[in-house]
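My structure is below; once you've seen it, I'll send some questions.
First chain written, first letter: the chains are A, B and C, and each begins at residue 1.
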Amino acid sequence: MTQPDLLTPAQLAQSLQLLRQQAPLVHCMTNDVVQTFTANVLLALQASPAMVIDAEEAAQFVSFADALLINVGTLTRDRRDAMLAAVQSAAKVGTPWTLDPVAVGALSLRTEFCQQLLSLHPAAIRGNASEILALDNQAAGGRGVDSVHQTDAALSAAQQLAQDYHTLVAVTGEVDYVTDGTRTLAIPGGSPLMTRVVGTGCAHSAVVAAFSSLPGDRLQHVAAACRVMSLAGEQAARAVQGPGSFVAAFLDNLWTLEVTV
Amino acid sequence: MTQPDLLTPAQLAQSLQLLRQQAPLVHCMTNDVVQTFTANVLLALQASPAMVIDAEEAAQFVSFADALLINVGTLTRDRRDAMLAAVQSAAKVGTPWTLDPVAVGALSLRTEFCQQLLSLHPAAIRGNASEILALDNQAAGGRGVDSVHQTDAALSAAQQLAQDYHTLVAVTGEVDYVTDGTRTLAIPGGSPLMTRVVGTGCAHSAVVAAFSSLPGDRLQHVAAACRVMSLAGEQAARAVQGPGSFVAAFLDNLWTLEVTV
Amino acid sequence: MTQPDLLTPAQLAQSLQLLRQQAPLVHCMTNDVVQTFTANVLLALQASPAMVIDAEEAAQFVSFADALLINVGTLTRDRRDAMLAAVQSAAKVGTPWTLDPVAVGALSLRTEFCQQLLSLHPAAIRGNASEILALDNQAAGGRGVDSVHQTDAALSAAQQLAQDYHTLVAVTGEVDYVTDGTRTLAIPGGSPLMTRVVGTGCAHSAVVAAFSSLPGDRLQHVAAACRVMSLAGEQAARAVQGPGSFVAAFLDNLWTLEVTV
């Protein structure tokens, strides 16, 4: 494995500009808790979110969408079946899809489902360190939805997963890593306040889904997705009193984000 | 068809005052993404939201409510059945109900359901131009949940729908139109920032439902619902940096809105 | 019945400090409308929320959690079954659980379910006056989700419920009361603006669940939960223009809350 490189400002600027030009339509099948915030994050980046969840409609809709997000946060058996229908349809029509394996490991329904999904060719996977370790069968999972591991402890698991399933893996935390199993980019930054607001991780996955639909170097684009989130987060954290005002400032920053090369 | 008239400030003031006095209880059966924002919009206008979704409970609850909202945004078969039970109960007890046909057109479950609902006597329908055109079978729908048409292109479809189903149709966008098929009111205003926040359209429908429960001229009241939304939106947009801070400012403006005649 | 006592600042400070140290993991099975706000309230208090809703997963997850919240706000038959599985699992492993009987009384599914839950040993119950009266079979319920009674009218019902089911009951409104049937604490404070934001009551129940997991005097801890909410609410209300900006200020205040003895 090679050592991680850094994403350059020029790469970030190029990917972000491309995202705003393309304004991808992102079909989000995500959990109950983060729907509004996920949609608002995508809208603030000039992408278009759409949540369609019935199995038949989801399979239809994915052919109009530029990207699909599968987040197993409040999984039920019905939702699993609808997500599977959407992923199979995405494979057929070539829509790239991203997996967020929320709290995979200790809970049986989602753990079995995530293992099944791995073989259905995700374009990208985004999780915290505990989730990536659990997905690679190296750990039993985190504490609920929170990681109990640092991202560097999960880097080799991420690289292994990426190689095994020919996908990109973004393992996010204090430092984010994005890897295709060979090349790895490291993305420092962000703020601890982001862990005090629900949905920053889940919305991050939606942003990964959006960026992974862009033409060009997908590894660069997904790393840019991580940097966009951490940049808006660290800027917001400097300006606010707490997690309540953080949410508005974070979305405003995504909206106004300018990257100078 | 006659040319659209404008809503007068006196009409707006009268309708808004009536809404705040009556504080209608609005039974919202709406999509997963916009529940919180919809409730907060109604609360800021001094109305009372309540979300009851089980088929049996929804049929019971609608008899306590002053208005019912049906929004098909994250439709499933179970939710369709519960919505149908509520609408049938609303017809029996005389509770006026409003339809928001989100993304009708391209997706089969909701398209079939919306056509079924049309014959069950909605008091009002609110949609964007693409949705109103699709509901009138003149177009295949928009891009996901976003309109690809301007509202004036949908005005005659709105008038036709209103006549065919003896209902009011509000087609909303840069200019909103509210029509009963004979009389039409035009409501300019609002802000592009409203399209960068999820749920402004869906909440608009909830506000239409609330206003349509008031005694008096329903066309005026529904037009006032549109103007309340656009007025709060344009005031908020002037005061904020982006879509994050817009949400709070928008709700604050609904709360403090004063209309001088 | 004895007269209510007041919670002292020293008690409040002790309970709040303990909460922040223990950072309990709260398994929330709650309604669709308040998921995000509930999670953000817990996060702002340094607790960890997790929403797990499938019956099998919920029964598994409750053994990792420090507390369980059952809120019947958007009950369906499937959710009832999953909640029941979680509560039965909680009883087995000793996880304390809290009931929020939203709008109990007039709606049959939830009313029957809440009566069933009462015999399954909740650690605490939090409701508004109409809900507590309805749970004690003394009234038919409120107006939708809003109370039509003052809390002092429900105090004896709360005390009766607490005695009958060996639990704590928090009846909240202009003045909150927390009782175990023998001792009662009164918690004044808060702001009317809290009733203009959706989810303050439901989030209050999640905070009760979090505090009820702490070691020591549970009556004191639950009263502290009430005071934390009312204190953050009255501070926020003094600083804002309306219910939109209230949400951010409220969460910021929970985050920064300092109690001086």
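List of remarks:
Methods note: a residue touches a chain if its C-beta (ideal position, glycine included) is under 8 Å from a C-beta of that chain, and two chains touch if they have at least 3 such contacts.
Listed by chain with UniProt protein names: A, B, C = Hydroxyethylthiazole kinase.
Since this is a predicted model, take the numbers as computed values, not measurements.
Taken as a contact graph, with one node per protein chain and an edge wherever two chains touch, the assembly is complete, since every chain touches every other chain. Residue numbering at the chain B (Hydroxyethylthiazole kinase)/chain C (Hydroxyethylthiazole kinase) interface overlaps only partly, since under half of the positions present are found in both copies. Computed from the mean C-alpha positions, the centre of chain B (Hydroxyethylthiazole kinase) lies at a distance of 33 Å from the centre of chain C (Hydroxyethylthiazole kinase).
Of all residues in chain A (Hydroxyethylthiazole kinase), those touching 2 or more other chains are 32, 36, 247-248, listed in ascending order. Contact residues on chain B (Hydroxyethylthiazole kinase) toward chain A (Hydroxyethylthiazole kinase) in their complex (touch as defined above): 31-34, 36-37, 73-77, 103, 106-110, 143-146, 195-199, 240-245, 247-248. Residues of chain B (Hydroxyethylthiazole kinase) that touch chain C (Hydroxyethylthiazole kinase) in their complex: 25, 27, 32, 35-36, 39-40, 43-44, 46, 48-54, 56-57, 60-61, 64-65, 78, 247-256.
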